[in-house]
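Each of the two complexes below includes subunit A, the first together with subunit B, the second together with subunit C.
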Partner chain A sequence: MALSTVTLPSGFLLPSIHAAPPFFTQQPNATTQASATGHWKRLILAFARFHKLYTLSLADLEDTKSPWANVLRNERINRRLLPPYLSAILQDMNTSNQATFEPPTQKTSVLLYWNTPEQWADILYDWGVSTGQLNTILTFYEITEPALESALSGIPVVLLKKAIVLLQKNGRAQVISVADGEGVKLLPQTSVP
Partner chain B sequence: MHRRSAGLASLSRLEHTTQSYAQLSHHLSTTQISSLHAQLSQFRTALSAFAYTHRDSIRKDPAFRHAFQKMCVSIGVDPLAGPRKGGWWAEMLGLGDFNYELGVQVVDVCVSTRERNGGVIEMRELVGLVGKLRGVGSEAITEEDIVLSIKTLEPLGSGYQVIEVGGRKMVRSVVGELDEDQTVVLSVARENGGRLVEDTLIVSQGWTRDRARAALDNTLLRDGLCWLDEQDETTGHAYWFFSAMDWKE
Partner chain C sequence: MALRNCTRSVDGTIPVQALIYDDERILGSQDEVGIYDGAVKAPDHQAGTAYITSHRLFYIDKVNQRKRSFCVDLSLVGQTDYYAGLFTSSAKITLHLSPPKPIGIDAGEAGPSSVDPFSQSWTCEVCDYRNPPGLSPTAAKKCGLCGVPREAVPAPLASMSELSTSLPSASPPNLLMSQPQDAAAAASDNGPDSNACPTCTFLNHPSLRECEMCSTPLPAKKTGAKSMKSAPATRAASPDSFSSQPGSMKLSFRKGGDKQFYTLLKGSLRNKVWEDSTSIPLSEEGTSGQRSGIEGIMRNVQSTNSQAVSGMEGAFQDLETLMLKAKDMVRLAAELNEKLTTATAQQQQHTASGGTLLPDFSEPEEATFIRSSLSQLGLHMEDTPVTKDMMRDEKEWIDILAKELGRVLLGKPRAKSETAWQSDLPSTTQGLMRGRGIMALDEVWGGWNRARGVGMSSLIPPSTMMSVIPRLPTFTDPQIYTRTFTSGLIVLHTPPYTAASFAARLYQTLLLSGPQSTMDIAAEEAVSVGLAKELIAAVEQDGAVCRDDAVCAIHQRGAGEETVQWWHNVIRDWTWDGQDYDKAI
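Up next, the complex of A and B:
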């Protein structure tokens, strides 16, 4: 049997290992399992980045309409990821800061960090600079749903807030209360440390 | 009738004759040695000149390189040997570097695929991956080149070995022997496209279930040479040997 890469209708290229039946089983050999988890994590983050997906949860396993269906199952070889395995992968991603359980009180759904909050902070600040919106009060809505599509279009507010907290820490942003909630003011950097 | 004369004069004459003979024989052997030296250096020059003239062909053309290697072996010149670092090839052709470079690439491929295949890779796949690593446009690599470059790794005690499983060459990069049953397991897996279940071994090899299970579990758990598939349609418990599968990356 030949294992080859598969291009999904969306244009995403599935790696050849996704066509290997045992890829969907948790491996009893620790070294092999570490390798398999690594492959899964890379695949999940690459797919999320490609489709701008921000969350992955155990519920996606049961939902054939989920945007994740083509990754979590391979109909061509009749294999699918089972909940205990995905749960272990999510746990691992949470530990290695490639995702975080969101909300933090549960362990079935994660917010994916195909960009870390640090990277999102830089993206947000650079966007503010390049669109000339420093010293302007921006609502979260104006950032997540900008008139002109940006890298931040569609970013979940919870992730946006994490990025803003980081900007606040080094004095690049200020959170301001606005009429219908919160807004942020990006501040020009006075001196380069 | 001549009679050997007695006396002191005769004795000294005898000594003189012996000395002459010794001198002559010394002279002869010196001439022989120097002529041998001359021949040897001539041969060396010729071989060097040949190697130098065909340097590019040797480096670029695998068939030519193989023929040259065979010639060196048949006349008793080990291209890898030599008192100097890198040996004669390195000195003459920069081919020592070629082998070292290839050796590094072989290690690279073996190590990076080890987690997947447990440290056993089929020669054909290795050749393909090394070729890919060297990039397009670079000279083609053959099995002989790989074998030779693995030989250059020997002094490092790396444990790289070319083994034969079911008539196919494989390169093993993990220390430790495959036991006899595992060799059989690997070759049966190859015949079955990488998938193996206990029953296949019981039917084709006449093993008991315990023996089949032990061999497979050793291979899976201890050596990580195969992967487990618990969603197998027929048995719900199949073993997959990535090193025996056909990967079209």
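Up next, the complex of A and C:
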């Protein structure tokens, strides 16, 4: 049985395994399952990055209008992920630092790390440098909704904060309280690597 | 005509045993019987089975059991003729029938009614005993307990007039069954027999002269035979069913059996069971029962008791005789057994030195028979030779058993060196595993012991079989191996069913012909579904196959469908061909 890749209307190329019904079933065999989970994680992250999706939750399974619908279910072969399986995948992503449960108290919704907070920190700093905004106090809003579209457009504040915390640690940023909440001031790097 | 008037149609799909009355007996039957109506063949009744019972003659049609079967009351048979048959003409019995009395007068006792009022259950008005249904009309006319004749259901005219004189003070009959005869009674909308008081309108019992309530003298009311009559149950009878001209029917015996049948018929007609009014089934003494009232009940109870006592005494006598004889029997058994033991021991000494003969099959047939009879009688024999004791050591015993089991499993042995014991064994052409390849241990054990035969020396205990099985590959060709599944199921299998070769075969099948369900695989491999499950589970464990569970379907199909489809492991063998991760940005 030949499986073929499918290109979604959005331009995303679904891998051929997505057309294999066993891919949607949790496999009792641990090796097979590990391999399947690997494929799922890769698919989820690729899809999230392609569509700039930051969260994935079990609720997306039931919602046919969810941007995830094309991944979590395959109408062509009449198969969909079941909550236990997705839950296991999310758990696995959390462990391997490809996502984190957000808020951390629950297990149903994750913040996806298709860029890790470290990568986000670099992206933020590079963006600050390239747009000449070092030593300027920036509100979070100015970063997430910049006038000129950037890689950071639409980034959840939670994720942004994680990146800023990292920048703070190596002295590249400073968090400043501003009138309507918090702001950040990117500092020029003292030691150029 | 005779057929139509005198017979009642019955549902021939019901066995005759269920159609007959409780006190009726089937005396005999004959198949391939054809019916003549008068002198003419009845076209619808040309092939069927005739049953003769104590009360009736049944004809159950072979072609259309439901529609064309009927029964004739033997009470209607006036005379019979027998014709022995000539050349191609089959033997025939002619029944001269007098049709049942017209229904308007007689209450349709034997009329061609399909609903027999007598076959209902009814309650005796005197003793309140609930009489069971299913008795013959005569038996149902009397209460089974007290013997008082039944009132509610109209009886034939003759017996009725007798009753009305002998039992003038009978209780009022069932209102539903009777219909108003008297104009006055009809006007007051009462039962025909109750007498309305002109003063207080109380309905008095017909036998009373004065009103029970107000003591006003009651008007005289006609009672007697006329009032006891009643119209039949609502049933439109065709006009010609009233014709009382005598008719006849013939039974043609196409396949013989006529003489015997005729004898039975004659006997049944002679006995006239239907006229015998002893309705109490228990009465074996046959005293024509004018039993009624308390006396009748007492006598019934007495006779039942005496029968029970005599039966019990007989049983105890038998038991005592057996106990007296038991000692002798045990002694005899012991003697027999001793003789057998010495005989076979000598024989086995002889053969064991040869080293080729299997002990299990060496006993002569008679000896085996005696032994099995003794053991069936439950006479334990302590010195029965245990086959195992015959062997010099455990290992040899196990090896010989392994050879035997191999033979049982595979049929004919191949090794030339074993021709000696091969000739001694009863030849079984087919082994248990022929064409099977794989077999669960319980089945092997059962099959092996069946092959050894229960009467032969001993059964193989499971523990012995477990120690025999590891030796099997040495003595079998193709070699038979043991395999234990994760569930704990142990099977014996031929080389094509080793884990590796089965996995390879399954993988190829799935790869070539697409996903399959457990059922499909079981059918293809000719193993049971349970076994297939175990086999596949083992392959899945190794990772050669993966599953697709239909519970993951978006649109669930109908229930009862097998949910799991087996795939070759598409997941394991697959490499990423989707959206390139890094090109996304």
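Assume the second predicted complex is superposed on the first by the 191 of 193 C-alpha atoms of A that agree within 3 Å, B and C clash if a C-alpha of one lies under 4 Å from a C-alpha of the other, contacts with A are read in each partner's own complex, and residues count from 1 in each chain.
Convention: a contact is a pair of C-beta atoms (placed from the backbone, for glycine too) under 8 Å apart; a residue touches a chain by one contact, two chains touch by 3 or more.
If you're wondering where the values come from, they're calculated on a predicted model, not measured in any experiment.
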| item | value |
| --- | --- |
| Combined model on subunit A where subunit B meets subunit C, clash or fit | clash |
| Contacts of A:Ala151 with subunit B and subunit C, given as first, second, both or neither | second |
| First, second, both or neither for A:Ala46, with subunit B first and subunit C second | second |
| Touching partner for A:His18 - first (subunit B), second (subunit C), both, neither | second |
| Which of subunit B and subunit C A:Leu90 touches, first, second, both or neither | neither |
| Partner chain in contact with A:Arg73 - subunit B first, subunit C second, else both or neither | second |
| Touched partner set for A:Leu124, first subunit B, second subunit C, both or neither | neither |
| Larger contact residue set on subunit A - subunit B or subunit C | C |
| Location of subunit B clashes with subunit C - one stretch out of 37-45, 55-63, 91-99 or 199-207 | 199-207 |
| Touching both subunit C and subunit B, counted on subunit A across the two superposed complexes | 1, 3, 5, 16-17, 20-25, 27-29, 31-32, 35-36, 78-80 |
| Residue ranges of subunit A in contact with subunit B within the complex | 1-5, 16-17, 20-25, 27-29, 31-32, 34-36, 78-80 |
| Residues on subunit A engaged by subunit C in the complex (per definition of touch) | 1, 3, 5, 12-18, 20-25, 27-29, 31-32, 35-36, 39, 42-43, 45-47, 49-50, 73, 75, 78-82, 114, 151 |
| Residue numbers on subunit C that touch subunit A, as the complex places them | 514-515, 540-541, 543, 546-549, 551-555, 565, 567, 569-572, 574, 576-581, 584-585 |
| Subunit B residues within the subunit A interface of the complex | 115-116, 118, 193-195, 220-221, 224, 227-233, 238, 240, 242, 245-249 |
